[in-house]
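Labels run A, B, C, D, E and F following the written order; every chain starts at residue 1.
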Amino acid sequence: MFLPHKILEEKLRNILREDIGQGDITTALIVPEDINTEAEIIAKESGVIAGIEEAKIFLESLELKFKASVADGEEVRRNQKLMKIFGDARTILSIERTLLNILSRMSGIATITRKLGKKIQNAGLKTKIACTRKTAPGLSYFDKKAVVIGGGDSHRLHLDDMVLIKDNHIAVAGNVKKAIEKVKKNISFSKKIEAEVTSPEDALIAAQAGADIVMLDNFSPIEVKKAIKLLERNGLRNKILIEASGGITEENMMEYAKAGVDIISLGEITDSPKALDMSLELARIALANK
Amino acid sequence: MFLPHKILEEKLRNILREDIGQGDITTALIVPEDINTEAEIIAKESGVIAGIEEAKIFLESLELKFKASVADGEEVRRNQKLMKIFGDARTILSIERTLLNILSRMSGIATITRKLGKKIQNAGLKTKIACTRKTAPGLSYFDKKAVVIGGGDSHRLHLDDMVLIKDNHIAVAGNVKKAIEKVKKNISFSKKIEAEVTSPEDALIAAQAGADIVMLDNFSPIEVKKAIKLLERNGLRNKILIEASGGITEENMMEYAKAGVDIISLGEITDSPKALDMSLELARIALANK
Amino acid sequence: MFLPHKILEEKLRNILREDIGQGDITTALIVPEDINTEAEIIAKESGVIAGIEEAKIFLESLELKFKASVADGEEVRRNQKLMKIFGDARTILSIERTLLNILSRMSGIATITRKLGKKIQNAGLKTKIACTRKTAPGLSYFDKKAVVIGGGDSHRLHLDDMVLIKDNHIAVAGNVKKAIEKVKKNISFSKKIEAEVTSPEDALIAAQAGADIVMLDNFSPIEVKKAIKLLERNGLRNKILIEASGGITEENMMEYAKAGVDIISLGEITDSPKALDMSLELARIALANK
Amino acid sequence: MFLPHKILEEKLRNILREDIGQGDITTALIVPEDINTEAEIIAKESGVIAGIEEAKIFLESLELKFKASVADGEEVRRNQKLMKIFGDARTILSIERTLLNILSRMSGIATITRKLGKKIQNAGLKTKIACTRKTAPGLSYFDKKAVVIGGGDSHRLHLDDMVLIKDNHIAVAGNVKKAIEKVKKNISFSKKIEAEVTSPEDALIAAQAGADIVMLDNFSPIEVKKAIKLLERNGLRNKILIEASGGITEENMMEYAKAGVDIISLGEITDSPKALDMSLELARIALANK
Amino acid sequence: MFLPHKILEEKLRNILREDIGQGDITTALIVPEDINTEAEIIAKESGVIAGIEEAKIFLESLELKFKASVADGEEVRRNQKLMKIFGDARTILSIERTLLNILSRMSGIATITRKLGKKIQNAGLKTKIACTRKTAPGLSYFDKKAVVIGGGDSHRLHLDDMVLIKDNHIAVAGNVKKAIEKVKKNISFSKKIEAEVTSPEDALIAAQAGADIVMLDNFSPIEVKKAIKLLERNGLRNKILIEASGGITEENMMEYAKAGVDIISLGEITDSPKALDMSLELARIALANK
Amino acid sequence: MFLPHKILEEKLRNILREDIGQGDITTALIVPEDINTEAEIIAKESGVIAGIEEAKIFLESLELKFKASVADGEEVRRNQKLMKIFGDARTILSIERTLLNILSRMSGIATITRKLGKKIQNAGLKTKIACTRKTAPGLSYFDKKAVVIGGGDSHRLHLDDMVLIKDNHIAVAGNVKKAIEKVKKNISFSKKIEAEVTSPEDALIAAQAGADIVMLDNFSPIEVKKAIKLLERNGLRNKILIEASGGITEENMMEYAKAGVDIISLGEITDSPKALDMSLELARIALANK
């Protein structure tokens, strides 16, 4: 997910625009127009950092200098300094909260993603953790980028990059077989097809009909195993990827991983992440007049 | 927080635009152009609903019919139906996730706000729960509206509606007294002044200097009581409001409430809320051709 | 009112975009692509300058160099040079009118605001001159900033930063007391409450009901005095601010000031200001090829 | 100047967006969600009305009903009702000021334009009153449309619709002859050429070089006559239009008209118009629940 | 490619906005405000129609009534009526050109796509015609949708929906094998991988390294056959798709199809299509006053 | 057509934004974050180059260095280098297609315009080639600028810069005389009037009624001559410009030129141009770490 900086800059500035309103009246009344200052962002708890690239682009676009002490994806401990910012004091104080909101949301998402991913790696498994399209409204770019930084899979970026046949589509088509056939007739060769199924039998049907990925929706770990066995018996296990989704939490996740799925997707890492606490502190009040 | 519908509609459509990309390819391949359908939104867990007004405006702006079964602020139980949607099947399926993301984030925020507020009310106290500007980036409008629906206080809506003198402003001004004096010299009569302080003594100084609200930042409950006593002794307790902020969680919140503050503000209700789980289900597949 | 430069830059560029259309055809046909030039902005009449910060941000964002000879709020005389501009000749000529329109409107507003404010100061009074939301459509930021530069009060910046209960709200609520009570039940602690009243008696009721500010709407100076006396007799004069509004002009303004109000607000300083005449002149035609 | 309604609607909504901020907090706290109301706009002084089409499009786009009692360009007297508005009470109250700001600025411009135009007509002259590009920043569409409604000429709509060679262009080109020649070599056949001149001799040169319109800049009425005579003597008077501009006011305007120019342009009708006073009054508080 | 109508409407309105400028001055001067009219769009040459859905959404969003006589993808003959439009005469005349530009570009693209596709079908082959990202700047949505309507394949919709490793990426990575390996390490499971190759040997390497699709760039038909044979010999032909691209024209296209590729992509169908000639004619001048 | 660079930059970035989606996933996976590279744009066929200014502004706004080897309007041969680009490798690769699409469309338009213009010049005629408003949807600025670079006339830039009375306007007005009279009554002095006519007689009527330009629509060359003779006989030929339009192609164009029209306008140069083939090649893979 690489965006030319100017495009990302506009996304970031839209966020600032909402918070700033007609202007920062406190800063205007207290901070003189003509001083520079230096500030630091400090982690108030340990976690995985994400949003460094965003911070850099955001700050530089506001004519502030920026020096990161950590890279995206790095683990930090409590009280660790993350970056230095230097420049116009009024600008720094008026964008502080916007910057911290971006960094702490992204870092919170990277932290939980990393944690879950490590649990699986530590068990010697290869299952991938993926997010879903359950993100904060309008923040799909930032939420999914944070997942990738945390070592997870971004899944679909929006509604146009993979076919994902869900329950409601199947309801319209009649059954999963018909839905996949309909798709295969007209789909671009550049797209994969994933189909959501609700029984091991349908998993087999979806694989036979030509799905690239089968999503086992709300399966118990036992049903997952049953579905995999069925696919294996039909010589289809290696032709498709299997995603488990629905009702999977940090607690029961390992059972799904052990059952042999390729991907586990969890809505909660992007719709309910805990923000990583950080703060911005002025390192030197007023270095000198500009 | 009343926005004319057309203004809110544009905020909502910007959210949809990110998710939709160049279009919903799955729906285009499976769902015919010319059928209407009916869908329901169902709560998958109990909580306080918020976002009903947003859902209505969003759906109607997409030429879908909408009928809510619950009102903003209402408590719902697991499996309760929240609303019915009727109209073009392609449109409904392609906006499903955007709609659910808005509703479940707002409802998640309203739910935790209501829960904390009730705890205080149940103890017979009048302390208000407030959110901060720690929101999901760019979602201040939705996050704060959800707090208000949950019975909380929206605090500042952005940087232009109240003066809030924070640690970094005080560092620039020299001390809290100087900062308040500087502000009072030029501030519009239409704005309140709040000052963040780090000791009971500074709380007194801020009140004497003319702050309307004093924010006790990272005080222990004991320090809070000390500050309040100091203000009472100086006859200033009734002239100002006292907000406790920083390091307050669901666990220790009641100690602050009992210590006698007017407002308790918590970042976590808007920067780390748990989304309320919901789903959209097609009630009838294809009612009839349009 | 401090806006990070990039945000202000976009407001300014939107203004340019309307004027420029598909491009400046005159300049394209006459001025070569590759020459720099130097220009000066000159006041054609005396007044108070506002818009220097806007000019700086606007010009620098267009890659032009800028050097101001006066600061925002400074008084200038006829023919005084306000600033020098240096850079691409085509760009300078194509943005000339947009720049002058911004500077002369803002300076016109600052000039009249300063004039009225001085009249009051010269009489030894402390009454503040405030503007209203009667601005040129969509130019609230610029109009209000110019008022502040001229020494006036910005009043509400938009509809979300103070409660202002007007005649129509009172009509809906029933009476001013009910309106204030309704507001006080749910309002954020961060906002002030102002109520518009039409009689001295209602001024008292509003103060008793807890308004922070009472706006005496279309009162004669005699009625103003009556209202103030009533508030004094009830020990409420010092607890509230009094704003006189409606029908106040440069001519009768002093009578209101002498009657003892805290704030006088006039729509005409922002909805009918006289633009301060200025012109842009090329100082050197073509300094050198770039 | 006909804009399809949806395009105009967006211009109008951008204006509303600035004023509304995060929402109208007063209206939200006082006015129930579910009531309709009826309002009237009333002129508080006599003048020429402009902005009726804008009001209609703005209000209907907000799902309010609208019935005008006057048409654009009509003269109204003090206290005359201009239009009725019916619909959601919250929406009406939150857009009141935006609507009035548009109507009173446009009507103020139409009023002064009509007044000046009539003066000329009453003297039996055919000179046209034109505005310039000196408008409120970014409001060129509205300001110029109001001039046209008042019977004036819109002049250039932006920088791409006519070549207007001004002093600075001439300075770059060397002299007015060279400037016109340069333009004529490459200009599209679809555009007229106007040249600003500072002496009767240059007026002749410009006409000979092929200008369609000559602008006599800051000429005294006597110089104007001299220029016209010179053109007549050279048989060019009927081949070109003559515009007088610069330093023309309501007071000295008739001298220019009598001197025989075709067009008189005045910056002040769009950069310093007096807004026409109006107000919105609720006709019936709450007609009925919706 | 299904976009909710409101999203598509905005794309369409942006196109109109550029053409309309400050308004349609001709229509404003000639066509009264208050008449409705009926118009027809007529094909001036035979071809495949695309853009009917766009026309419908565009016209209805402008409050015009619309009735299509043909469907997207239908073949029409010269002088065939495509649709009727009914409503405000000013609006119809001012959007005529924008509407025709959209319809004739999309139909031109659909026409050439269909023609090429039929040639292949008539030869009994299954090769698919695909477009590339060589579209008119910013018109990817419309150009690709027209290709799909013409029976072609949309290929990538933008840079985020499939990995396509091109010559420059390979140059950076070192060789095609390294490039594919680098991609496979971190790519989301939801995306396919296509690699561009310049020799039959590299085609084999790419397939072995795990590409889903191999793009034979600027191969002669003989080289194509060689590459396919090599893949067959290694048992990989059925595991991948083969796209021929570069230097393929209407003239030599069949040789590539016969050589056995799965997909032929041509830049010219979207970067150099011939617009399908159409016109809008008023069927009845003025039906009646509105 | 000169646009200040920042305004043009935004048009260019909107084009990039559509293509980039949520980001360039291929480049992100293969190209390291921290390397610079150098690239060249090379013409793959001969033609006239246009878009150099656009390329410069686009690339510099993305913080890439740029050095053109050719100027807008220059003729190039196959394999000629057009420009060098230097900077961040990821940015270069992700904007390659957008840049090439702009350059090759504009150059294609300039090439055909130049070709037609030369044909006329070579015959010793002065007729001008003009484009129409038949452009790619929303690309009027780029298409018309390319025509001008190719030596053609831009015609109207949008609907507000000249009155062009077309068949449908005449149908509404009754006849061409009435239409012109209606326009002349209210039109701004700054605008020309062109009228489309369908017979030599109407050409005369239009000229007599005061049109500045007469457009002979779908005339045969013989009818054109008849119309010109009629105008000459009435002493009006020199008072107006004559444009031939409709059904004119590269093949029959010279007959119209020879018939004596001033302007020949062709839709096909902007609605059906052949893109000039170009490619971007990395000159040095990775110059050095940044």
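Convention: contacts are C-beta pairs under 8 Å (C-beta built on N, C-alpha and C of every residue); 3 or more make two chains touch, one makes a residue touch a chain.
Since this is a predicted model, take the numbers as computed values, not measurements.
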Taking all residue numbers at the chain E/chain F interface, are over half used by both copies (same) or under half (different)? same
With contacts counted as defined, which of the two, C-F or A-E, has more C-beta pairs across the interface? A-E
So the centre of each chain is just the mean of its C-alpha atoms; given that, what is the distance between chain A and chain B in Å? 22
Roughly how far is chain B from chain D, going centre to centre by Cα mean, in whole Å? 44
Dist(centroid_CA(chain A), centroid_CA(chain D)) in Å evaluates to 51
What positions in chain B touch 2 or more of the other chains? 1, 20-25, 27, 31, 94, 140-141, 157-158, 160-161, 186, 188, 191
Which of the residues in chain B end up touching chain C in this complex? 1, 128, 130, 148, 153-157, 160-162, 186, 188-192, 194, 213, 241, 243, 262-263
Seen from chain A, its contact residues with chain F in the complex are 1-7, 10, 140-141, 144, 157-158
Applying the document's contact rule, which stretches of chain B touch chain A when the two form their complex? 14-15, 18-27, 29-31, 35, 37, 39, 89, 93-94, 96-98, 100-102, 104-105, 108, 133-142, 157-161, 163-169, 171-173, 179, 182-183, 186-188, 191, 267-268, 271-275, 280-282, 285-286
Can you list the chain C residues touching chain F in their complex? 13, 16-17, 20-25, 27-28, 31, 61-63, 90-91, 94-95
